[in-house]
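Every chain is named by a letter (A, B and C) in the order it is written, and numbering of its residues begins at 1.
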Amino acid sequence: MTDLELRDLSKTFGHVTAVDRIELAVETGELVALLGPSGCGKTTTLRMIAGFVIPTGGAILVQGRDITDQPPHRRDMGMVFQNYALFPHMTVYRNIAFGLHARGASKSEIPARVTEALELVGLATMVERYPRQLSGGQQQRVAVARILALKPKLLLFDEPLSNLDAKLRVQMRHEIRRLQKDVGITALFVTHDQEEAMTIADRIAVLNEGRIEQVGTPAEIYDRPRSRFVADFIGTSNFLDGQLIDGRFRTRSGIDLPIPSAPEPRDARVLSIRPERIDIRQSGKDALLQGTIVRVTRLGGLLEYGIELPSGETVVVHEQSRPGFEHREPGASVGLGWRLEDARLFNA
Amino acid sequence: MILLSLNALIMLFLLAPIIVVVATAFTTSPYPVFPPEGFTLAWFERFLGMSEFTDAIERSTLLAFTSMVVSAVLGTFSALALGRWKVPGHGAISALMLSPILFPAIVLGLALLVFYHRIGLAGSFAGLVAAHSVLTTPFVIRLVLASLAEFDPAIEEAARNLGAGWWRTFLQVTLPLIRPGVLAGAVFAFIISFDELVITLFLAGPGMTTLPIRIFTYVEYSSDPTVSAISTALIIAWTLIGVPVYVRFLSIRHS
Amino acid sequence: MSTRTGLAGDRSVTGPEAARATRRPARRDLTPWLLLTPNVLWLALFLAGSLITLAVISLRGYEPGGRGMLDTWELTHYVNFLTDPFYYAVLWRSLGMAGQVTAWCLVLGFPLALTLSRLRGVARALFYLAILMPLLTSAVVRTFGWMILLANNGFINRTLIDLGLIDEPLALMYRMSGIVIALVEVLLPFMVLALDAALLNIHPQIYEAARNLGARAPRIFVQITLPLSLPGILSGSILVFTLAISAFVTPALIGGPRVEVMATLIYQESMSLLNWPFGAAIAFVMLFTLLILFALTFRLGSRVQPMEAG
């Protein structure tokens, strides 16, 4: 079932269009990440879904019902904030009970539901503590428990891990994912950290300047980016400008590159290939491009080569470092090749 | 929204007496009626022609100016000492310096009166200045401290590093940078001293009837628009002086 | 790193010698003391001196119409004030007045403070200015304005009669009700500023979280806003109460001789009747009352304090 549907959703602030007619459908039990650079509209979109921002156009549907005009306190969804937003003057117990009271749960069932929620996040012993007595990770878990106690239809995460240090962030992201899967709740996760999105999301919606550039599984987004922006934002890519001529891609510098038989889009102007998909071979007829190594950088277990083509353009290649072999020498002439289907074509 | 209309009503309540006073300053009726009848500037002319008021204005100005200078100097130095050096006990010292505001004016007035009587300052101009300065210095300290907090002490250290002695650093680096705070504090001190009534009532000698005292005694026995006119003149004066200083001080703080 | 810099007087060395050299204690910088001493001395002298003198005088006897202040030591004035029903009534009247003023300032101040704390930029600066503006005008001016409004044939009464809400004019002048109304207006800005400071401390996301959890405005106000703004409520209340109980101008002008409060009594006894000892005693009773209040609020406050809001 489609738990959440965004239809033509827009938000303008004066002259600025923060969210531009986005469409999205989220299925039950999915964790969809809203990923993009700052200012791309992902947080505004989330806040519209939660009800804190009123859309200027479009509709939001939850399980088929249009909730666009519903005030925040009536929506059946829980939001986990970046700063946890726990009530500092209430114990963990009262923090979690707050929502239950507000939604009219009966006095007798509240203790059980609070305990249930805390056990889900593994903090049953912290019931009487105050937020200031808990660590950042614990506070985050209480924030999640506070929502889970209400058994909402949707979980909304607003960059919840940005305030945590790196190690804790990785640990918490897996915990959140595990929790979400165990409970089976549909979730929307806003982040600017692509590693985070790639690790935990079932699908990723990549946003740029208020528009959704692409929605897909992490593998789809990575291997088959549908726009230059996505190819550039996710991981790294090489870009060569040019145009399609006679079933081949002619770069601006005049080199003809072979492409798969039914190229799309027809009027492509850019060919893109990921650094790790290029392999270095002997220069010669087998190679698609020829160049000179101008730079070698060690990136942990990876070697990064900067290769200058005769036209002056640079191509970046990633190679696994091999035991016993330092690296190729700068100045060496090399050939570059790749599987045709690994190259992507874009309009601009 | 309910909150908006509630706010409007409360704001009206807050500004009501000021509106009334300014409005009645122009009334043609011999009593201050609100809403006023007609329009005339006669009451302004009247008070400007009454020596009891113009003399009082002079005295108040002199007193306020002197107190302003005294408290500006003392306050700035104190603020510098508290803000730049962490002297031992600076918490207690700063509490002491800001404490005069906490004392009820009526108590302070009587206390200073009996004290002055003991040490021979009763009814003197110097005694009045001293009392006013005690009241106004805390404001100068607060405002200068705020100004100090705005800029990086490293700037002063850089000046010293370049060879400037303490005095030169103070005159050419520190003072210009804290000038908004000092100015705001000075203006504040002037206005507070000028408007001060209760303590002055206790301490003023026969020749020192200030404007607030004059207005107070006048209002106790008669009620005519002359007082409205004087009050309006004061309101306009303080708004013209106080608001720009306040705005400038705030904007410098926020930039 | 070079060990010689070539600057005159520079003896930079490296190694253990340098470490030993830098362990010399720094010269004591006397500048801050030079700057502080005048003010500290003066304050200590004047404040302490005047309060001690006042305390001493409050313990002296007084013979009205006769020899005036006596050389005796007695507690008569304190006993008088606290037992004579007339003076005792003044004390309670003043406390009641200050209590009412504080309560009304809280009720009227909260809406203004809520709005102020939510505004940003130019709007906030303007709103802030509007609230501070009344403070630019002296108490005498504002009280005079109230005298005009509260008179029997003043604006308030005439409007109420015209609207048919009352038949006879309400007696507001020379009554406690009039004093309370005027004092509330005079002291309202202080309460608003104190509340605003506390409200600003509450992270806006806490409100959003509460709304997200299903709470509506009333519940949010009672369970979130009020508890978290308690520090501001306390500091604002104590400020307003202190200013109200010691207020002189407004009760003097609006209450006149009919309604006597502590401040006007002190003035009358010491300036009109020249009974300094009695005036001093009343002044100290006022100070003691405030001290008790401060202590109570401090204890309440320290129990409330460890709440960092968000």
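Basically, contacts are C-beta pairs under 8 Å (C-beta built on N, C-alpha and C of every residue); 3 or more make two chains touch, one makes a residue touch a chain.
A quick note: this is a predicted structure, and the numbers were derived from the prediction, not measured.
Comparing centres built from CA atoms, which chain ends up most distant from chain C?
A
From the Cα centroids, identify the chain that ends up most central relative to all protein Cα atoms.
Given all protein C-alpha atoms shown, the central chain works out to be C.
Need the CA-centroid distance for the pair chain A / chain C, whole Å please.
Comparing mean C-alpha positions, chain C is 54 Å from chain A.
Using the average of all C-alpha atoms in each chain as its centre, how far is it in Å between chain A and chain B?
58
Hey, how far is the Cα centre of chain B from the one of chain C, in Å?
Chain centres of chain B and chain C, defined by C-alpha means, are spaced 17 Å apart.
Give the list of chain B residues in touch with chain C in this complex.
3-4, 6-7, 10-11, 13-21, 24, 32-35, 74-75, 77-78, 80-82, 84-85, 87, 93, 96-97, 99-100, 102-108, 110-115, 118-119, 130-131, 134, 137, 166, 191, 195, 197-198, 201-202, 212, 215-216, 219-220, 223, 227-228, 231, 234-235, 238-239, 242-243, 246-247, 250
Mind listing the chain A positions that touch chain C in their complex?
Within the complex, chain A contacts chain C at residues 50-52, 71-75, 77-79, 81-83, 85-89, 98-99, 102-103, 132, 143, 146-147, 150.
Going by the contact rule at the top, pick out the chain C residues touching chain B in the complex.
29, 31-33, 35-36, 38-40, 42-44, 46-47, 49-51, 53-54, 57, 108, 111-112, 114-115, 125, 129-134, 136-149, 154-155, 182, 185, 188-189, 242, 245-246, 248-249, 252-253, 262-263, 266-267, 270-271, 276, 279-280, 283, 286-287, 290
In their shared complex, at which residues does chain C touch chain A?
203, 205-206, 208-216, 219, 223-224, 227-228, 306-310
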